[in-house]
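Going in written order, the chains are labelled A, B, C and D, and every chain counts its residues from 1.
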Amino acid sequence: MLKSEALNVEKVRADFPILNRKVHGKRLVYLDNAATTQKPNVVIDTLVDYYSRYNANAHRSVHTLGEEATAAFEGARKTVSRFVGASSPEELIFVKGTTDATNLVRFAWAEKNVKRGDTIVTTLMEHHSNIVPWQLVAKKKGAEVKYVGLNKDGTLKMDEFEDAIRESPALVAVTQCSNVLGTINDVARICRLAHEAGAVSLVDGAQSAPHMPVDISKLGTDFFAFSAHKMMGPTGIGALYGRKSLLEGMDPFEGGGDMIKEVHTSGATWNDLPYKFEAGTSNIAGAIGFGSAANYLSEIGMDKVRRHEVELLEYALENLSKVKGMTIYGPEDADQRGGVLSFNLSDVHPHDLATILDERGIAIRSGHHCAQPLMEWLEVPATSRASFYVYNSFDDVDSLKEGLEKANEMFGA
Amino acid sequence: MLKSEALNVEKVRADFPILNRKVHGKRLVYLDNAATTQKPNVVIDTLVDYYSRYNANAHRSVHTLGEEATAAFEGARKTVSRFVGASSPEELIFVKGTTDATNLVRFAWAEKNVKRGDTIVTTLMEHHSNIVPWQLVAKKKGAEVKYVGLNKDGTLKMDEFEDAIRESPALVAVTQCSNVLGTINDVARICRLAHEAGAVSLVDGAQSAPHMPVDISKLGTDFFAFSAHKMMGPTGIGALYGRKSLLEGMDPFEGGGDMIKEVHTSGATWNDLPYKFEAGTSNIAGAIGFGSAANYLSEIGMDKVRRHEVELLEYALENLSKVKGMTIYGPEDADQRGGVLSFNLSDVHPHDLATILDERGIAIRSGHHCAQPLMEWLEVPATSRASFYVYNSFDDVDSLKEGLEKANEMFGA
Amino acid sequence: MSSAEIYKEIILDYYRHPRNYGKLEKTDGSARETNPLCGDDVEIQFSVADGKFGEIRYSGKGCAISQASTSMLTELAKGKQVEWVKELSKEDVFKMLGNPELGPARVKCALLGMKALKVAAYGYLGSKFEENNGSDS
Amino acid sequence: MSSAEIYKEIILDYYRHPRNYGKLEKTDGSARETNPLCGDDVEIQFSVADGKFGEIRYSGKGCAISQASTSMLTELAKGKQVEWVKELSKEDVFKMLGNPELGPARVKCALLGMKALKVAAYGYLGSKFEENNGSDS
């Protein structure tokens, strides 16, 4: 790696106004990026510019503001679809977030296509948004959800997965990167095997799209779900990529304006892709801000983002494992995991740890991380989690380490 | 009316940065408020403040930013629920917008409670978002949608409504204010009659909550749906009020994080109200901005907003009706209608008119306004629509009048 | 040219005095296109003689831009080889209209007639191709 | 007092050396409360003698704040009239903990034990009331 290619973290940090904030009088050390990420000035400015210069309803009005808003909204769709390597913008549906995306697939695809006796394959490391929708479909349809188990190091048991798909499941729904263990799954292979077994595949990209180069055309998945707020974009917006042939065969999800071609008292016909799945006024500002975030990330370069996080992770794994009483979960090799570090510290409860760290300006997450089945597997009620992004520095890791040692001291360990 | 109580439009206008914009070199005359409204500085600043000072995932983190974000988010819920007179914040569910709200009721209430042979009563003046969901439920369940017709002046045929509810419909879904005709329906009476007939009631408040005082406790409706973007708030956020006893009996809508109490591989249990219906990371910034918009409107006073719009409407009805070739739709009495004025101008097609007006800086809407059954009833393919808000002035109406006369001239009328 | 100008100079003439408006008894090709957003609706019908457009008519309703551009297009097409539609581009239509400044929504209005003409002509050419190659199968 | 201080001074002592931890054989009242967000979980059990709390125990798991405040609360309640819970307020609990600065999420942890104690005590008082009025029905 050439030094000149390296990321200039200080330069990146300068783009994020919140990083100047003091918390309890201390420098903010924001390590809760798997929950949500901070926004660069350019994204905030994009929202301000929209609302103060060309706010209008998209698709509906032929006046200048309306045309500008529509052009920016559709421009954002192109940007975001290119960002994840979708083959065409009409395959990219704007939704509220990852959860809305998996539920769209649940209502508009699974409720129609999952039959009594079918199986839906998912894993023990999924976020609730990639579990609960399938439990509900399975219950309604008389199907069964199968959970692929994990190896000790938090990687998927691929043999269990292969057993599971031998039963020709209707759907295989897997995360590309665990929000607790950091485990990166080989979703290209998983999707290939799923397709060979006749299953439709869905990849939860909530923790991958923000942190590593993603190319859907190479992953070969049928559906891919992700959230803007986890990749420097606004809240309330995300995207579902869907393979065109599948989307075309699906009924709409929500009904209302924009998703129709014609409405009569006797019934309605549906609009073309992607509008068929976008009922009502969209989160126009959100989508435009999402595009701006994708542009910002592309300018840094997703390779660099990934490389920086791997470096942070290596540094963190090495240094934090030296802290007394630390149990770190997930794969040991930083190359095989995302920048998410879950752990427990001796008998300090994660919530107490979060409070103690907060006092020092350090924001981590504590709890079940919306992954209770994984907590059961780990046999802990909760974990602490530090998660990195491209604006985090080695100093942030050092601060965390000091905070952990301080907590140990307080708890008398 | 005391002069001193009157609204200072110039002062209001100064709060809206977009109103300084020039379109085709002309002053922007924004008359497309029924599609979406402009945002005051305070709302834009609220978003900037959130993203640059305390952006974090709500409900999930115990660090300072997380607690501040949660407090602001829940504070916004209180503000918005007070704004519409909901009896308790837990009855106010944050959704994407009105369309998302009606679809929530469709999936979480109607799919369970509407039975074969039931009827759903709606009207010919509804927006597609209050038609299509019911058509889809009816089709799925073997129920029937009944459309209450309209009198010549665009008011509801109350006798038809009373006939319709004699059949004890499962649901009565009516708009409080038409987005095309401006007609204000007596929804308090409609809900009372609906309840007496054993029906559940839903009021589409998309065009009423922004423009007149609304007090749900007096309307007595079971559900009330509205969108922030139509009341000076951000895009991608809205609210569904639901009566507690109904909400408690309902299954959740989308499945995922936050809406659960516990998730096991064997199944899940649901969180308390309102969280049961808010799956995934919410549009946190959007909700906080929504609260800010509601505060801004309350500070002006919804009485004054309404009074100003009635005055504009009276002035517009009187002056625009003098333009050659004008056909104006809807009730004649400004007191009985919202600030929405749909019309056709001789044989100038609405789209041509919108383009001609745009050239003069005037933004109106042309088309079917997501109300095709109403267009069929009016026997026109489309209408032009000018819709007012509190920042519109008498000058705006004058500009519109000049533009219409100009169009007449161009088209040789 | 601003859209106000274009209304004055060209479009309104065709909108007021539509050329080739109506339906044909016998057609060799036809197609209908609509724009759900604004309700524009045009149908084009034509007969063919010697591989060229013979009679050509349009019908429908909608804004001045969609109706006038369709009317002008029928005039332009008349007597030309049906194959010519393969070369017909957006730019040709804009030029025909006098290069007005149109926003994206109104561009759709301007191109609706071209879309109908292309669909109709390709349909005709396709069926011709099948006929000519029918003996092989 | 900052939360770091409170951990040092009071909470940790109770967290390390829980008072009244365990279960009772025979109870007159009990209740369990959980906080789904963080997985805190406490159960309170008590016996009553002469209208006063007799034996009182808590069990469960969770953060130091929830566990310590529950433990302290059992000490505070012991020997008091069961009716006393009616007057017990948030402020009493905060005072008992030394008025720490707690954010809203951690406040829920601090009050979990009080919630369990109140539910249990009201349950007891309610059943007593029914017993005493049972002869009327």
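In this text, a contact is a pair of C-beta atoms (placed from the backbone, for glycine too) under 8 Å apart; a residue touches a chain by one contact, two chains touch by 3 or more.
It should be emphasised that the depicted structure is a prediction, and the values quoted were computed from it without experimental measurement.
S.K.: Counting only C-alpha atoms to place each centre, which chain is farthest from subunit B?
M.R.: Of all the other chains, the one whose centre lies farthest from subunit B is D.
S.K.: Give the chain pair, either B-C or B-D, that is connected by more C-beta contacts.
M.R.: Spelling it out, more C-beta pairs touch across B-C than across the other pair.
S.K.: Cα centroid separation between subunit B and subunit D, in whole Å?
M.R.: 47
S.K.: Find the geometric centre of each of subunit C and subunit D from their Cα atoms only, then give the gap between the two centres in Å, rounded to an integer.
M.R.: The computed centroid separation for subunit C versus subunit D comes out at 81 Å.
S.K.: Calculate how many whole Å lie between the centre of subunit A and the centre of subunit B, each centre taken as the average of the chain's C-alpha atoms.
M.R.: 31
S.K.: Taking each chain's centre as the mean of its CA atoms, how far is subunit B from subunit C in angstrom?
M.R.: 40
S.K.: Find every residue in subunit A that makes contact with two or more other chains and list them.
M.R.: 24, 60-62, 64, 66, 260, 262, 351, 355, 358, 366-367
S.K.: On subunit D, where are the residues touching two or more other chains?
M.R.: As it turns out, subunit D has residues touching two or more other chains at 37-38, 103, 105-106.
S.K.: Per the contact definition, I'd like the list of subunit A residues that touch subunit C in the complex.
M.R.: 59-62, 64, 66-67, 70-71, 260-262, 271
S.K.: Report the residues of subunit A in contact with subunit B in the complex, numbered from low to high.
M.R.: Counting only subunit A, the residues touching subunit B are 17-18, 21, 23-24, 28, 30, 32, 35-36, 38-39, 43-44, 47-48, 51-57, 60-66, 96-100, 102-103, 106-107, 124, 127-129, 131-133, 135-136, 139, 145, 147, 227, 229, 234-237, 253-260, 262-265, 267-268, 279-286, 351, 354-355, 357-358, 362-367, 370, 372-373, 376.
S.K.: What does subunit D use to touch subunit B in their complex?
M.R.: 36-38, 103-106
S.K.: Please give the residue numbers of subunit A that touch subunit D in the complex, ascending.
M.R.: It is residues 24, 348-352, 355-356, 358-359, 366-368, 381-382, 410-412 of subunit A that touch subunit D.
S.K.: Within their complex, state which residues of subunit C touch subunit B.
M.R.: That would be residues 2-4, 7-8, 12, 16, 37-41, 61-65, 103, 105-106, 109 of subunit C.
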